[in-house]
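Presented below are the structures under discussion, each in the form of C-alpha cells.
Presented sequentially are two complexes of subunit A, the first with subunit B as partner and the second with subunit C.
Right after this comes the complex of A and B.
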C-alpha cells in the first residue's frame, strides 16, 4: 500500500486538522477539555496520509471528522491526536 | 526519579554533588561517561573537575571529535548491508497526494434553511435540513418569515422526538443487541450466493466482532475492479488467478532423489499455463527464496537443487521449503472466486485477507476494496474506516439472521469500541477491564483477584459509575439520578 491514498477510500470519512483557534472554540462550545475527546493515533493511516499531503500534525492537535450518517445525514466528530 | 538515581550513583562513587548534577543535566549517566569524549564533558564542568572525575571513575582520558551521529560499528557487516538494503526496499511514495474533499456542499435551498437556522439559533441535523429543502422545492415564493415559521414547527417536533438527556443508552443498546442474540443460531451456513466460499455467520460471527478478534475465522475480501475491466469476464478471471497465492507444489512435482541426495522439480506445463507462469518465473522465485541453502541447477526442463549438507533430514527440510515457495499471488490469499452482480459487473471474492498488498494492484478499484477483518482495516485504513466496518459487519450479521436492530445501537457499540484510536474488545480484555472502579470490575468477571489486589495496594473507588453505586445502594447517575437539585431560599434568589 505504497501509493494508495487512504483518504480516498470509500470507508474513510473526511479528516481535517483544526487550527488552535478553531480547536479552542470547539472545546468551549462543548464545555470539555482536550482529554475528554475521542482519540486518534499519530500513526493512524489517515493521519499519516495527511502528513504526507503536507499537513504538520503533532500530538495534542485536534482532527475534525465529517461522516456521512444515515441517521443524521451528516455527523461531525472530533478526535484528539495521541501517541501510540 | 531516574535522574535522582543517576545523580546518587555518581555521588556514591565519590564525585561531588555539584559536578554530578551538572553531568546529569548534560544528559550523561555512568554508562555514557565511560565512553564520553573529554572535550565534550568540559562543556558542563571545569577541566579540573573533569580530570578528577576520570580518576575517580577510573576512565581513560581521551579526546574525540564529536560526531553528529554515532556510526554503528559493523561487527557483522553482512547484517548491516542487509539492513540497508531492506531500508531501501521499504518504499516511499513517489507521487504526491492531495486531500480529497468529501464534505458535501449544501444546495441553495439547504443553505437558505441553514442560514435561517443560524439566525434563529435552532439546531437540526442535516438529514432534516435536506428533507425540508426537498419539500420547499417547487414552492414559488419562499420568504424568510415562512422559513422561520417552518423551522420553529420542525424544531418543536424534533424536540418531541429527541431522546431525553441522561437516558441510559448503553444499557438500552446492550439489551437491543442482546435480545435478538438469543434468537441467533450457533450454526454456520455456506455463504449464500457465492459458490465455494463459506463465511462465519450468526452468533459466532457476532462474538468475533464484539471481541475485536485480530483475525476472523473466515477472513474475506470483496474486490471491485476498475470500470473498464469490470464487465470483461476473461480479464477479471485472469486477475483473480494472479491474486490467488500459488506455491511451487501447485504447479510442479517436487521429489527427493535419494540416490543422488538432491531435490528434483518437474514443472507441470498445463498447470503452469493456467496460472500464466513461465519456467523462468519459477526459477526466479526459487532464487529469491533465501531460506533455501543450496545450489540450484537447471537440467533441461527440470530444476535440481543440491545441498552442501546432504543429510536426509536437511534434504527433507529443504524440500518442505521448496514445495511451499511462493511463486505468484498475494500472501495469505488462499482462493479467489468471481461472481457477477446484478449490475453486470464482475467482482472478486477472496478467501483470506491482505488489504495492504491488494491496494497497490493496478487493475483494482482500490477505493472500494472491502474486507471483513476489522483489525486489519484499522491498521491499513485507519480507525474511522474500522468503525464503519464494525457497523457494517454487525448489521450484516444480524440482518442475515432476519433480525432488525436499529442502527443506533450498533453505532453506539462501534463508537465505544473505536473511541481510543484503536479497536478494543467489549469484554474484560478491553473496555470492561479498563474501568477505574474496582467494584465494577469485580462484579463483572474475575472477582477475587481484583478485590484482593485493590485491598493490598489500598485503592480508592470513587463510586462514580453505575455498577458500583448499585452495589453500595446509592442512586445511580443515570436519568433522574444525574441531576442534583438544590433549594435556593428566597433571600438568595436573584431577581
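Right after this comes the complex of A and C.
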C-alpha cells in the first residue's frame, strides 16, 4: 500500500484505464496498432496507484492521460502499459 | 499495407576486441610478402594486393567471392607477427591491468572483501543507470586502490613499480618488459594461475571493466594484424603509368619487411641485441600504422616528407571520416562568395555574379515543345552575350540518352545543337528568375536557408536586400554565403512555394516578422513621418521616384501660397487601401496614462483605410522582429502584400533620409558645462553616501537586512546607491539630448543603439561587475595596488564615474576591461553550449513530422504527440502563440477599437525582447558583435571572416 496516492497530487494528471472497447475505438481512430503508442511502465507510480485503487492492470492495456494544458486547455494522451 | 513487422530494427551495436583467432578466421589470405604487383601489373599472391582481399581493377575477379570491382565488398587478410606487439590504442588499459594485478600469480591485488565491495558498487551503478563514463570512473578508482598494494594478498609475492615509457614501453622497477612478457602477465588475469595451477576467478576482469565473456586482456597485445581489404586502400595509377600506393599499404609494407627480417634473425639465432632492435622497429611500425600522431615517436613520413595518413588520421578531426564524410557532404551546383547589400533588389531576389552564373546549371529535358528553344540555347555555346555585351545563358553540358555527358565548347556548340534529340537533357546556365537556395551558416533556424529568385549582375559578390539580413543574421563585414541551384522540377516548385523569402516573413519561432526595416531604414521612415514634415514637390518626387512608374502623388497642401507634401501622406503610399490599425510607436514616452490621439509626442499611431492619420513610423511599425504593420499585412493580406509593403516602405525611407541627410558624430553627445557639473555633483554625492555606508559598516552600525550578512547588506546598499546615481546622471544627460539629436533619433526610433548607450557616452558609465557583484578579485583584499587594502569605496570596487566621451582613468579602464572580459567569455561559452544543445535537440527531433490527422509521429509511425503542440496551432500563423486575436477580429467587425482595458498587449516572445534592448547595469559594456567577440571564434581554425 502506498502512503500517498500520487494521483491526488495537483501536478499529476488524471490516469484512467481504457476498457477494451474504448481502447479498440481509440486505436481505430488514430489508425494505429498498440506498439505505436507511447509507453508507460507497470511500475510507474501512477499505474501502481491505479492498481492500489483496485484496477487490474496488465501489460498491453492502455491508459488515458488527461492533463491541463497551458496552450490547449485540456490535452489528452494515451499510453500503453509495458513491463518494468 | 506493408506489414511493419517485416522491418528489422537495430537493437544495438557492440564494440569488442578482436582475438588473434578471430583475426585469422575472418582473414581471406595470409599476407607474407611485402611486394604488391608483378612486372605485368598483376597482384602478387600472398602479397599486399592479393586478389583474395578484393579487386580494384575492372576486369579482374575477386578470388574470395568471385565478384568484380562493383560487387566485391573486399575482404580482410592478416599478417602473423613474428613477435607480439603492443596495440597503442590499449596502452592505458594494459598499464592499469599490470599495475593492479600480481606479477606472479595474476590475481587482482584486492582482498576478497574489497572485491565484493567493488562488485556491489558496479551492481548498484548498473541499477541506477550509470553510463560508460560512470563505469570508467569506477574502474579507475578500483584500479588505483589495487595498484597501491605492495604484497599480493593471495600468493604473498612482492609487487614492483610498473611505469609506462610513452608510447608503448613498459618498465618494472626500470627494467624493460617485452611485449611477450606483458602478454604472459595479461594471460594470467582470470586465467591459469601458475602458483596454484587453478584458474583465477572471472570477477577479477569484471571489476576491471572487462567482460571476460567477450574479451581477453592479452588480446591487447597483438600477435596477428588484420590487413584491410584492398578496396579501402586502393592504389592509383598516375598519368605516367606509375602506380602510387595508399598510405596504409606503404605502412603495411614496412610492417611486413621488418616482420620478415625479425623472423629470419630470430630463427637464425641472431644476437639478442639485434632481435630486440628489430622487435622495437616492428613495434614502431605497428604503432604508426594505427596512429601516426602518437606522441613520443616521430611520425612516419613519405619520401617527400609528408607524414603518412594512417588509420586514426583517416577518422579523426574535421577532415576525418566522421565530420567530413558522414556528418557533412560536398555538393555540386553550389557557389560561395562574399555578400554585399543592394537596396534596389526585391527581398525575394539574390544578385549572382556572371562568373558564378556561368558555372551553375539547371537541367532541362528536351521535349517536342521546347526543341527549337533548346536548340537555339545550345547553339549559343558556353559564354554567350547579347549585342550590348550583357549576359545570356549558355549551355555547359548535353546529356545524351545513353547517359554520356558532352561538354560544350565554342567548337562543338553548333554541331551538338543540330543533333539534339527529344529526351536528351541540356544543362543550361542560370537565368534571371531561376529559383536558388541561399544559406548563411550557422544555420540555426529554417530562415537560415531560403529560396531566392536569381538576378545575374556584374561584380563578384552575392547581393540581397537589407531587409533579409536579420533572418540570416548577416552583415557585410566580410560575411560569405552559400548558394545552391535546385535541379529538379519538384525541388524548384517546393522551393518557390515553401522557401521563398516572402513566405518566411513570419517566423514559426514567435509568430511575428523576422524580416523588416533595419538601421537607416528605420531612421529614414522616422524622418519621413515624425511630426508630419513638409516636403517640396521636388523633394517629394525625389522620395517617390525610386518606387517606379505609376505612382500618384498625394494631394499637396498649400500654406502661405506654397504647396507642400505631407510626409505622412507620402508614407501612406506604401499602405494597402483598407488597412486599419493603431498602436503605440517605439518613441512612446510611456506616460502614466496614455493620451492616445492627443499624444503630444506624435507616438500614437493611427492608420485608417490605408491612411496614416497620426503617429510616427519607426521600428515598432516596420522594423524587423517588431513591425506591427508588417505583421498585420502579412497576416491579413498575404505574403505578396507584405513583401510589397516592405519594399515600398523601405524605398520611401531611403528617399526621405537622402533628401534630409543624416549624420551622427561624437558631438551628438555634447552636453552643456553646467550639466557636466551637475552630473559630477550627483556622482560625488553618491560616492560620499557610499563612504558613509562603508564607515557605518566598519563601525558595525549598519542596519542588517533580513536574510543577509553584514557584508551582503553593504553590497546591496552600495549597489543601490550607485545604480540610482547612474540612472540619475543618465536622466540628467538625457535632458540635453533631445529628439533633434541624431543619436537620439536612432535610439528612440529603434534604428540602432539605446538611450542607455547614450547616457554612458554623455553621463556616467557606472558600476562594473563580474558575476553580478562589484569587482573584488585581484590582489589581497583589494582590486588593484592603487587602493588601500580593504577599501570598500565606490572607486576601489569598480565604479566608473567617467563617461565614454570624457575618457576613463587608468584604474577605471582596467575595471571596465574586467567587466568586458566577462561579457566576451560569456558569449563564447554560451554559443558553444547552445550549439551543442541545439545539435542534440535536432538529432532527437529531425525525423518527426505532423501527419494529416494532426498527430506527431516518427518514421516508425509511433505517436510522439497526439496533437501537434497539444493545441494543433501552427506557431507561424498564431498571434503571438495564440490561436485567435479577438481584439483584432472585434476591430474588424465593429470598425472600432474595443477598449482593451489597460493591459495593452505587448508582443511577447518577439525575437528581440525587452531585456535585449535595455541593457542591465552589469551588461553595460556592450560587447561589440562585430570584431571584439570574433577573436574568440573558431578556435584558431584560420578563417578571417567577420
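Rule of thumb we're sticking to: the second predicted complex is superposed on the first by the 82 of 84 C-alpha atoms of A that agree within 3 Å, B and C clash if a C-alpha of one lies under 4 Å from a C-alpha of the other, contacts with A are read in each partner's own complex, and residues count from 1 in each chain.
Here, a contact is a pair of C-beta atoms (placed from the backbone, for glycine too) under 8 Å apart; a residue touches a chain by one contact, two chains touch by 3 or more.
These figures come from a predicted structure and were not determined experimentally.
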Which chain, subunit B or subunit C, is in touch with more residues of subunit A?
B
When the two structures are overlaid on chain A, which partner does A:10 contact: first (subunit B), second (subunit C), both, or neither?
first
If we overlay the two complexes on their shared chain A, which of subunit B and subunit C does A:19 touch? Say first, second, both or neither.
neither
When the two structures are overlaid on chain A, which partner does A:30 contact: first (subunit B), second (subunit C), both, or neither?
second
Once chain A of both complexes is superposed, is A:38 in touch with subunit B (first), subunit C (second), both, or neither?
both
According to the stated criteria, A:72 is in contact with first (subunit B), second (subunit C), both, or neither; which is it?
both
Residue overlap on subunit A between the subunit B contact set and the subunit C contact set?
38, 69, 71-72, 75
Mind listing the subunit C positions that touch subunit A in their complex?
4, 853, 855, 857, 860-867, 869-873, 881
Touching subunit B in the complex: which residues of subunit A?
1-15, 38-41, 44-47, 49-50, 52-53, 55, 65-75, 79, 82
Residue positions on subunit B within touch of subunit A in the complex are 91-104, 125-130, 355-357, 359-360, 366-370, 377, 379-385, 388-389, 407-408, 411, 415, 418-422
Which bits of subunit A are touching subunit C when the two form their complex?
30-33, 35-38, 69, 71-72, 75-78
